[in-house]
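Shared between the two complexes below is chain A, which has chain B as its partner in the first and chain C in the second.
Take a look at the complex of A and B:
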């Protein structure tokens, strides 16, 4: 598919047109929220902040909302149970490559033999317009995780060339969309410029892994008993901030909520995470990861080993959200893996 | 038969009762599900025959202690409703001074006509079956408890710190706004309403099961605050707790 180049002005018109016509669904974009950034419904292209570092929450919230009703029930003589899952066409503008990688991991986890309908009804039709991250968060290490760029998982990918945007076309859906905008064909010099911009952005990452990412599973295999886990988790609040803001945390809790009439109710799911004290509590009262050190270690293993073994994807995309949200400054997987390597 | 429910007020601002009355449409369902036999803010009826007693406020006189003990004898289930009953709440501020001094400041020359005791949580005097934390308590939690009581399900406290609900609400961390927030060690269940409203957490829902107080102190240092700063804020709602001493 032919890549394009679009001026800032024409990109704004393109976005405003998407908002006006809703041709690709409701338009969501990256916007300022206080001195931070977050995804939200876009009222106009002027709100877009494609120069951002990270959003407060990753875009997964549009496919896997914080709280979501999954079924409704009535308890009568013959009980009625109805699954609840709704389609919602969305066009999300400004998704960074590492967050796209996060979504690809989600696709693998929620897909497979028994795909999650609530997730895929929203995800399948969504248009993803990405943007290369040129000003990474100080805690980010996506370059080390190989997630600072992506060649898949988007319909269109924007790269800020200074004056114009390079538009990498990823799918025919993306091709059809951008065809409606005023663009010019991207030539070899444009492509060269895009790659140069990407290379420069890669140098801006301040945190890096002191090993190849492929070495992480073996490193973890050799360090289960390491003191690093205890030392580093000493100041952990078990507050769950790291797992709540993570683009690759897939876990949820399920609860039934009866109506006051006790004649029916609904079942909902809500984000949950392995760093919370009750996460591994089971019905008998047993908690099989009772200590914060165990929870801390589990999170590192899950990201660096368990997910790789099961889905081939590393469970961390190096976005830096957890490290930014962690008051105790212990959440960064890169820092822990580096410490494990040093201590070995 | 519908369970008979009574609300009793002790020392407090009665805002917890008001919060229950503020249920809007849900109050209709609530009244349909339970018989409210005593509720001073809403009804002039009195009854000594009840299954479930909600205790609002803290016990701050010997007479209060006797009264709550009598309620305990009659109630099958006793619920501490709100911060004053759960932790002593703001009433515990007076524990910093001598009781004589408190009486003198409040009643002046008539001080000798009154008596008062240090504020303690209701659980210091009687067995409390359920704590509904908060100043005021979260209405959804109150309704959730009633549903549990009606259906025989165990009521589960929120075990997560306020940070979880804060992240779900997509708030900017209060620390990043330059505030000192008790959210990381305070029990959630409030939907982080204060931080969402632009403030910080004052710890009205008491401590989580495993508060990392040492870590909170570390953070104080990072943000240029002292232990005194933290205790001053912490004692606003939790002055009667052991950790405050």
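Take a look at the complex of A and C:
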């Protein structure tokens, strides 16, 4: 598919047109929120902040919301139960490559032999317009995780060339959309410029892994007993901030809530995470990860070993959100893996 | 990636079932017999579990205690301990619940066929194990020698007492039981933890598979006894407890290291468990 180059002005018109016509669904974009950034419904292209470093929450929230009703029921003598899952066409603009890689992991987890309609009914129709991250967050290490760029998982990918944007076309859906905008065909010099911009951005990452990412599973295999887990988790508040902001944290809890009428209610699922105290406890009172050291270690193994063994994707994309959110400053997987390597 | 799905395929949607019988087993445990409203069988393997829904309260993972050789209905034996199970204990015949499943791998019937079997049940570990014991008793000629050991804390906590008496009388198995302690003098049986029964039985470790289900603390000691008797690691089979919320390998709650108790388990061999640091 032919890549394009689009001017800032024409990109703004393209986005405003998407908002006005809703031709690709409701338009979500990356916007400023105080002095930070977050994804939200876009009222106009002027709100877009494609120069952002990181969003507070990853875009997974549009496919896997913080809370989501999955069943509605009436508690008559014979209960009437109905599954709740609906399509919602969305166009998300400004997704960074590492967050796209997070979504690819989600696709693997929520697919498989028992695919989840609540996820895929929203995900299947979504248009993803990515943007290369040129000003990485100080805690990010996506370059070490190989997720600072992606060749898959987007319909269109924007790269800020200074004046114009390079538009990498990923799918025919993306091709048909960008065809409606005023663009130029991208030539070899444009492609060269795109790659140069990406290379320069790669150098801006301040945190890096002191090993190849492929070495993480073997490193963890050799360090289960390491003191690093205990030392590093000592100041953990078990607040769960790290897992709540993570683009690859897929876990959920399921709860029931009765309506005030007591004639019916709904079952909903909501984000849950293995760093929270009760995550691995059972009704008898046994908690299989009672100590914060165990929970801390589990998260590191989950990210660096278990998920990659199961789904081929590492469970960390190096976005830096957990490290930014953690009050105790212990959440960064890169820092822990580096400490494990040093202590070995 | 595109998967054509509808809400009806929801991983959360249960089938409704009617409670057709309730029987008290002890102060804290009851057995509930259910029949699906659509008339279909549960179709479980011994050792599998279901998610029981009480609408307005929630869902809980419960092992199936009846054998698949028993048709037309299925039984769940439940200790009242959490929100759902306490509510379940208040229900009478005719009440409706939701059921999802069966989930999990169940006991390896193909491996066990033709082999000698040592059942070791501790407390309510008897509930999941009973499905396999009854299965073996119903297909008795498919299996070799059967030894069954049952232990619980006190005579008051014995479960399925009628069935224990049947097994005790049966010529098809050697049955021994013990209680940890005796608050009164009426108990004439064995006293001591379940491992004290091991010296009283003999079996050929090459032909025997031990199936062990009990509280987490029991596994350590029983596995040691099994190994002492010469059982190989992959001849020791156990069923582990975790909080399976979704049953389909998504919610993350039942992970044991990299495995999901609801997918690769709840039945594991000791050979597997040995490499899983979080298992027991």
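As a convention for this text, the second predicted complex is superposed on the first by the 342 of 344 C-alpha atoms of A that agree within 3 Å, B and C clash if a C-alpha of one lies under 4 Å from a C-alpha of the other, contacts with A are read in each partner's own complex, and residues count from 1 in each chain.
Here is the rule we use: contacts are C-beta pairs under 8 Å (C-beta built on N, C-alpha and C of every residue); 3 or more make two chains touch, one makes a residue touch a chain.
As the structure is a prediction and not an experimental result, all values here were calculated from the model.
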Which of chain B and chain C A:191 touches, first, second, both or neither: neither
Touched partner set for A:34, first chain B, second chain C, both or neither: first
First, second, both or neither for A:325, with chain B first and chain C second: first
Touched partner set for A:115, first chain B, second chain C, both or neither: second
Dominant toucher of chain A (residue count), chain B or chain C: C
Chain B versus chain C as contact partner of A:219, first or second or both or neither: neither
First (chain B), second (chain C), both or neither touched by A:235: first
Partner chain in contact with A:274 - chain B first, chain C second, else both or neither: second
Contact residues of chain A, present in both the chain B and the chain C interface: 258, 262
Footprint of chain A on chain B - complex, ascending: 26, 29-30, 32-33, 143-144, 146-147, 150-151, 159-161, 163-164, 167-168, 170-173, 175-177, 183-185, 208-210, 212, 214-216, 218-219
Complex contact set, residues of chain C against chain A: 1-3, 5-14, 16, 37, 53, 55-60, 79, 81-82, 85, 96, 98, 215-216, 241-243, 245-246, 248-253, 255-258, 277-278
Footprint of chain C on chain A - complex, ascending: 70-71, 73, 75, 77-79, 81-86, 107, 109-112, 114-118, 120-121, 123-124, 224, 250-256, 258, 262, 265, 267, 269, 272, 274, 279-284, 286, 288-289, 294, 298, 301-302, 305-306, 309-310
Contact set on chain A toward chain B in their complex: 33-36, 38, 56-57, 66-67, 234-241, 244-245, 257-262, 270-271, 276-278, 292, 325, 327-328
